[in-house]
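Going by the order they are written in, the chains are A, B, C and D; count residues from 1 in each one.
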């Protein structure tokens, strides 16, 4: 079976690397060439374009930054979708909005391609160690075909529902991350103003039942003032934007996420987009 | 040693009950008489007023609903503080704003009384089972005198700092509870609109690292649509208000908590104030 | 010169009617047929589809509800744009987001069509009485060609700038309308809770320098509890959504409009979408 | 008739000056001495303390910055209220929250003093030119006694209702000012990002029916980047805080004002508190 992996960013490069480590036949493509070179050294074939990367593949994985990029690479006239072989499988691991996933699925069906949305939970270290969690939206039978590959990149596969539901669930996870990090930050900063020590607050709060457990690792970033990116703030801003878009499509009010979105907007505007999203703390502290 | 316990609501009645179970000499007072009758049956002495309840006490505990009530009972001219015996200890377990605790401490000092703020984390079941966590603001030596009593009502005593710091820390905990419950609710409701099942969402989300662990128990309330009060929504609204007040005093912006406050305002206005604060879900669902 | 008018809603039907009154040769099309019948009675030609309505036209006006509808009617493959005659002019009066206007302009240029964005300020009575204000984004020479028609539908034409700038300015106007109506409503409702009479507040506030003058007419709607639609609440919600989208594209924080958006979301969800947007008062009062 | 004027800030000094110009017998007091010197030069008597300023007065006016200051000067034990002569009138022109006005009125009644809340609309130039608008909460007969003095400091006296209603109405006016300035600022800034010129936006928007007329003068401040204080940003922040407090007391949700409050909080934190509140534009532009 031949695999193609499109999109070799922080996450994609490590996911493709894990497929290679497990002996799969993997062709890769990325817009900027340097990650391709690294994967070539690990045994990957490389291609000059997405269109040239996909024609032989039985399964094409994509891990791209925004729905706009997925659209451009796959869905535009003459895009990669039109170069895939009949009945091949396209697994989109990108974090996109559910209505986009549905649109991609329709385009795929029209092109004779089987589509699955399988966004992931986890950041750089989980990608590195094949400990990602996949949220899958697909028919069960399709998931079964793809599962062997997912098992090499992650350690948990949640079958959320039919097409689009993987994207839906991922969106919920990300808006909770974004908001929880912001309320944790606002609490620590208020605490400091109240005269409590930052070290104490960062140490104690994440271990209470009132704080999301992921804040433990983020508190460490705050403590060391080192926001080496695991999940970039600018993509979190994008995800909050996509959630606002989805909430609009569904006529569902979403107060807190919409306000959090503006806080991330400001941090991004201040040039913190490429830091880890935990840098929302840094933004709120310095503003 | 003689103890007096003022305020026998959901929490106070169980806290006083635990002191009685451990054989302490406890006098109680509550504005409405029925909880006094129950504690009398457990061995408590009762008093006709707060002022009559305190004169013999070595340690007076108070567990009242708002700073206004604490002020009225203790701090007004001729209030309970002026009837306490010299050098007695007043432990205020009420959830109040830090600047109020400082004011109470000053009034106590002037009256020759030693003051400690010791608000608690935990709701009805923790109060029942003596599993509360105390956040203490006081000199260490004062805490040591009071610790034997706290140990009968809770299983953890965190010495946060000097006077007022217990109240400060408690405020942070409560605004995180309020906001986390609201973002969890908004996520579940958006998920339902996306076509995911409520049962699935309530089951899965609280177990992810993105959700505060306390939401597990609250998800059960949502599932059964039974919001039997553990911590009343109207008091959560009060705490968000006190946080806004404190943020103003300290000139610290606090976006998300201020918006969450308005959501709780609406739920309270809709008549949900006496339900558990998890009923913010119900409000957001039905509005 | 032959004119085609696409989109005969509250606004479009009256605008087309004013062109007819001034003796122009007008062909009309609307998705639902009944408004076409009314305009036929006023002298319009009708067409069976947008595609059949445009081929003869020198100038095509469109007044459609959302960018999605404009896209579907004009921009999809084989859409109306491809049936327009070479060098014809397309004047889009719809309220859309600026980046959509730019995309429409590009598609038009590619098809040999000259494009102008000319959204309007004003509601039903202004449309009726040819008292609309046009915000035009176009080359000056193009505006000069179109001005004679605009002058029959409105009494003021503001040349805002090049293509897309009409849409940009219109967006600012609408988010100010939406927010001003919401803050006026919240002020009146708080005033009532303070014990001031609603009649007094509705009478006095709109005449103060602190209130946008348009609130005078809206206060009348509130007073009579009659929200007969002039500008539908659901379209205001759409415009706030488009503003949020634009703010995201431009990385510009926009706190208040984003929160106002959620208030309109709720009102729309409650079934008030087809009332005038002043019904945000009614929603806030009843919630 | 003898008048005392307490509080000689931007507004109070000009109001007292207008009473002097009209030949009244005025004693003044201010915490910092320099404004007293200026008024002495205009004919005022000065006092060494508020308590020494009031005993002879038939009418005492106060124009102080916050309810806390009014409380400290008048209401504390041994404060100015207790030194006023029996049946004298206390006209509080300070901007305070309605529940504070009611508390002041009760204290006054207990002390045998007649109380009136009469906050003003207008800033420095209106104070200078005796063009203030008074919002009066009082019995009609009391207003009639005081009206001759008000007429020398303002050109309009609105009798809003009984005691406390002047303060109520003033609160509504101020939160509308605060929010309108913020939404105007956000609109101009978004417009600039869209490529419209700041000069154009500042020129056009305030003249539209969608903008509160007071923004004309504020646009001039923005244009010249000169925020010479007329109404200080820090007091606007205070008023938004008092509105939040009042909304809490009345259980009335107030979304937009609460979010605006946080924007002003940030601007104040950035050191802009002593500029005119129009500097919220500057803050939003620079953040």
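Here is the rule we use: a residue touches a chain if its C-beta (ideal position, glycine included) is under 8 Å from a C-beta of that chain, and two chains touch if they have at least 3 such contacts.
Computed from a predicted model, the values in this text were never measured in an experiment.
A.B. asks: Taking each chain's centre as the mean of its C-alpha atoms, give the chain farthest from subunit C.
C.D. replies: B
A.B. asks: When the centre of a chain is set as the mean of its C-alpha atoms, what distance in Å lies between subunit A and subunit D?
C.D. replies: About 52 Å separates the centre of subunit A from that of subunit D.
A.B. asks: When the centre of a chain is set as the mean of its C-alpha atoms, what distance in Å lies between subunit A and subunit C?
C.D. replies: Each chain's C-alpha centroid was found; their separation is 37 Å.
A.B. asks: With chain centres defined as C-alpha means, what is the inter-centre distance between subunit A and subunit B in Å?
C.D. replies: Computed value for the inter-centroid distance: 40 Å.
A.B. asks: Where in subunit C do residues touch two or more other chains at once?
C.D. replies: As it turns out, subunit C has residues touching two or more other chains at 247, 251-255, 259, 262, 266, 287.
A.B. asks: In graph terms, nodes being chains and edges touches, is this line, ring, star, complete or other?
C.D. replies: complete
A.B. asks: What residues on subunit C touch subunit B, complex-wise?
C.D. replies: Where subunit C meets subunit B, its residues are 255, 259, 266, 270, 287.
A.B. asks: Looking at the complex, which residues from subunit B come into contact with subunit A?
C.D. replies: Listed in rising order, the residues are 98, 121, 158, 160-161, 164-165, 168-169, 171-173, 175-177, 179-180, 182-184, 186-191, 193-196, 200-201, 204-205, 208-214, 243, 246-247, 250-257, 259-260, 262-263, 284, 287.
A.B. asks: For the complex, which residues does subunit B have touching subunit D?
C.D. replies: 237, 241, 244-245, 247-248, 251-255, 258-259, 261-262, 265-266, 268-269
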